[in-house]
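First the structure, which I've put down as structure tokens, then a few questions once you've had a look.
Chain lettering (A, B, C, D and E) follows the sequence in which the chains are written, and residue indices restart at 1 in each chain.
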């Protein structure tokens, strides 16, 4: 088969996970590079990247319901919160100020967080399947507000707004991963942990979306009436998409604050939901790699905008003047998102597709 | 296609005695419109049954009743003796009724193979957990169904477009993909809603060939709605003519064509309908 | 009884502000199918502008000037940022409006300064007695203004071609273009209207105490209002806005006695709960158009 | 790499240094012969709820440290607090991120604003021995060794407010209307302790920020009709609450905790109600006071519109200055050295801005607790709109209070 | 005269669809445009009516002129105001609007004549009068097609670009459409007719063009096209001898002949 690497000799090859040689090569290189990163950059960046990986898990989840199944949900923050509180409560100190059960083993609380959030998704889904488009988006946003109210009031669980509680304890086989160990610093360990988890959950999601279930999601998204007539039950798959997406959100939620170690109910507002939608759209809806890229983009963007004023000579680094460097940062953050989406509404994946097409046809246009 | 999966080849079925599809005195009304008004007909196994009638006569509505999208006010619809009213669309599809749509209803962002694979959705069983893992059964099932889909691709000569998102395909090809998706469902009855509308003479011929092949090689009963009289008169075994939701005539193509009511309501005078390609 | 009436009137007063905001959302949605999350920023900007203008030119001149300026600002935003997005996925556009909101709001914040800014309205907290119920003047003014605005809008949409053109643009831009409708102008008009309405609402919100940075949060109350009323119905926006105001007020007054277990401040999220319940029954809100679909 | 770098070292005079201290001069203090101590600031500078307050704190502390540098610096070093200033948008996660970014480059934090935000970095502050100055008055800080608090905390301030209400206003019933979180909960806890101690009827209501979100609080006040309401909210919210309750016929008094006040309220529609009903408690004296510290502050900040955010920022900086001086004296300007110096502080020289004896960081929380606060009333013509009613006093409740744990949890 | 000169159109900056197409639509005539699916007929109409932009398409070479004035850079609304109007392909009704509102939208550029034209459309398509208050999205396929044509006629355009008007219409209605085109043409509207139903199109056209993969391959008077071997075979569905074939006979042999491939 030399010289024709793209020729498939079986459907198995065609449907394989990484079905072309360049894809395999790229993925291998990327993974190798990611594993080297903790030894190349400083802790603060590692913490940021670890957060980005967790966000990517959450964004993959949102992408399943929004990008694949076409149900735009602004309620992701609610499910993230459920995951975060489940994880924190399970692994929390039994004698602490807030509810805790002392089950610190990461796999246990991680799974539990996912399941509880997934269950919540399942409960909400019947409402969600009746609605479409912006109605669904805003009703799920309502969920976020109602959730905020509950978390504000349920202080024995959440510690209350403005006070908060410790997050889930990342302990694996008796080792606290957020504390320095003999070989690694805390951030290095967290980075590696989150990276591995992202790979695991990314591969699982990828499997799902190329299965019959993933196709059913897409069918329901593109045209649910027609989907029903060819044998796909739209209600069932909308519910399933919601549940799976919430499961991912739960997992991500429980991990998200494990990096920081602390969180309060104020973290789960409109802004968080919007950030996740932005991740999905900026990455490119309907692709797993897009969700990951989008999550990293949104997570790293503030860091970039913090660095930008230093290299832009016309901005004074003054913290208090009429125009402060922070206002410039915040404005830049907004502007970058706006400009990015105007230039490439299909997101990072769209840019990638363009680059690829350009090189494919280069040097001929058309 | 997979001949063993062909229901019409099932020796236990008794084609002569039992119609596959029975539509009995069905009435369907929307606010202000009676779309179907006391229509009855039946379709025998292996038969090609055509429904014609002016625009808005209720042809598509009959299809929508058959596939469970519309719930008629009264009447009865039976498929292989089983009552279909009240059964939800995806269940009906699983029972073995497949259709194409008047305004092509493909899943625009998926490619041809994926659209056809969706046709096989109810033949597959794997659940979410198996799908996540992509091991053993899930994978085997995927490959087996993929093979079935590739047969349809060959049958309808869709190979050049296999990996193209259907949203980018020419109209004629899309119509063919839709037929393919219906065939991938391995139905017992195939409902075709204006399969050659918007096609030129040559493309119409191609489509006609596929329809005939389906019927002859797979023995599936077909219900055809079409305004191209050349096609209808040529292919159909029996024709039902509707006007304003009411049946005005059922008979062989030749009988129907001569009926003065049909000519007045639908065909129009002074035209030779035989053999003109295109839509008239 | 008088407690009930007072609560009701307060609800109608704040509700009319929500209604103004909701109208802005609906107008933009009607012509673009997008929810503009930039409305909160326009609202804040309007209030800040009035606060700065009214000491100089007086409140009653400051308000129309500010409404016009914010309308022009919205127009500018539409022209530069939204125009290139015509025909792009609505949720992408919605995220863009969030970016716009951040930018406008941060810039506006810089003009708030360290102190609470009064808008200089003449009503203060004076109350009048109306049929035995003590009512704050400003609520009456809000209600009256809202009614006037709504009547004007209705007349405009009813008697001009533009209303129909807007709906055409919203549903299918290519069709609208093919009929010779100037899609760009329709967009511009709807953004400008929505911007002006937001500014007006902002001023009203600020009449009670003054402008601070958190004023924009009020605009979010318009979301349950538009959903409740139906995204594409002007009448629905008004009804939804008033309903949200009244529900909030009545729940605030009575929930403590009736259902304390819902927690203090449940009133603030009650509109969302109401929205959930209503949408269970009517998936397109009270007055929203059903999606028209057939095979 | 991983890790933060900086290994302990010694400068030429034998002072031990590690993080955030360089031999190179500060970028813009203009003393090329001195080294530089970098301090970090994490505050709410753009979109968050405390932006107005935060900007004045930052500006004031800039002036404070500039004055320190002008007066000769500390142990041969200038202090730089302009290089590492970050905006937390009042979000714990962002707070943590920017903290991680700066933590290798600063010796201590001269400001970390907000409780949930600071809580998000607290374990790290402890483990890295990063001494830091909060921009709040929570009773919790009294128990955190690395956190340098100044003045009466909210809890004590409210105790004194209730005692004042009972003694000077003759109140029989008290209601706490408060935000949730350390600020409101701490104050409400103090008010409750005092009310119970004095045998007053007590009730409390939580509310949220936002002008149209005060309906619940207003309804609660109007229906309970307490003699005195202890308010721990934001200024606009206070205007809405005081104005609307008065409009609905409420005639009881309000005592606001310090962050509740803003002189802009005197220009708001609620002004007349506020002038009639409102009292203001405070941990220290306002902008226009005559004391060496206040005078120095006004001189250093000439040209700004008076605002007590400046006063707070200025006062909060004193203990850190004292700790740095002590550490320099000990020839140990490492983080551990600074923390050690904090443990040795018997008192801090607040230049008259706080009463004698304040700033005893060497003692137990109960010993170092500042129990004195003041009461003001709105008064037009004063620089920050308030005039003194009752000078530094310790009410009976605070006097007898055993400070063994934070007032709220 | 509406004229395209050596037109080249590209979609998405990469897909070249028209490769140097020239076409003339003289005032007062009916011109037919034939071509297989995907040949670029619709694209050509879009280029004439200015609607390429909506589809990320661009005229990269050549020009479109109306009475000698170049219009390929003009906005669609301006072109519509000049009297060039395209009836979009594929029943693009505004589903949420009622039938009558759809028609009114069509009259956007001729607001004064709306009332009269509404009456005219209802006379042409009585079916639409019956359904006037109904949401257009619920109409049957053929009814939607009628609505789409009616909407284009509402503004009394000078040049009407009809994209597959007979699609999905009953034979009787196809005759009506044919008669309608003849009538409005007689009333002074110039028509460019894109059709798959070549028999119908050529029977009323003065002139015809055949488009294949983005190029004009035939450009002759309609009568000449009607007589052409290839046109007869591929577009009219007539066998070489001119007799109608039965579909049952053609099914087992396949032909793949194109002029240019």
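As a convention for this text, contacts are C-beta pairs under 8 Å (C-beta built on N, C-alpha and C of every residue); 3 or more make two chains touch, one makes a residue touch a chain.
All figures in this text were calculated on a predicted structure; none of them were measured in a lab.
Asks: Compare the CA centroid of subunit C with every other chain's and tell me the farthest one.
Replies: Between subunit C and the rest, the longest centre separation is with B.
Asks: Using CA atoms only, can you tell me which chain is the most central one in this structure?
Replies: Taking the mean of all protein C-alpha atoms as reference, the closest chain is A.
Asks: What chain pair shows the greatest number of contacts?
Replies: Result of the pairwise contact count: B-E comes out on top.
Asks: Using the average of all C-alpha atoms in each chain as its centre, how far is it in Å between subunit A and subunit E?
Replies: 48
Asks: Just the number, please: Cα centre separation of subunit D and subunit E in whole Å.
Replies: 75
Asks: How far is the middle of subunit C from the middle of subunit E, if each middle is the mean of its Cα atoms, in Å?
Replies: Averaging C-alpha atoms per chain gives centres 44 Å apart.
Asks: By the touch rule stated above, which residues of subunit D touch at least two different other chains?
Replies: Answer for subunit D, listing residues that touch two or more other chains: 46-47, 55.
Asks: What are the residue numbers in subunit A that touch two or more other chains?
Replies: 152, 225-226, 229, 324, 327, 330
Asks: Would you please write down the residue numbers of subunit B that are in contact with two or more other chains?
Replies: Where subunit B meets two or more other chains at a single residue, that happens at 60, 69, 101-103, 105.
Asks: Along subunit E, where are the residues that touch subunit B in the complex?
Replies: Against subunit B, subunit E makes touches at 34, 36-38, 90-91, 127, 131, 134, 138-143, 145-146, 164, 166-175, 195-200, 233-238, 243-248, 250-252, 254-255.
Asks: Which positions of subunit D touch subunit C when the two form their complex?
Replies: The contact residues of subunit D facing subunit C are 46-47, 49, 51-53, 55-56, 205-213, 215-216, 219-220, 234-237, 239-240, 243-244, 246-249, 262-265, 267-270, 273, 305, 307, 309.
Asks: List the residues on subunit D that touch subunit A in their complex, please.
Replies: 1-5, 41, 45-47, 55, 58-59, 62, 82, 85-87, 89, 91-94, 96-98, 100-101, 103-104, 115-116, 119-120, 122-123, 179-185, 408-409
Asks: Please output the residues of subunit B touching subunit A within their complex, sorted ascending.
Replies: 67-69, 88-90, 92-94, 98-99, 101, 105-110, 114, 117-122, 124, 126-128, 131-134, 138-139, 141-143, 146-147, 150, 181-182, 185
Asks: Which of the residues in subunit C end up touching subunit D in this complex?
Replies: 6, 10, 14, 17, 102, 105-106, 109, 112-118, 121, 123-125, 127, 134, 136, 205-210, 212-215, 217-218, 221, 248-249, 252-253, 256, 264-265, 267-268
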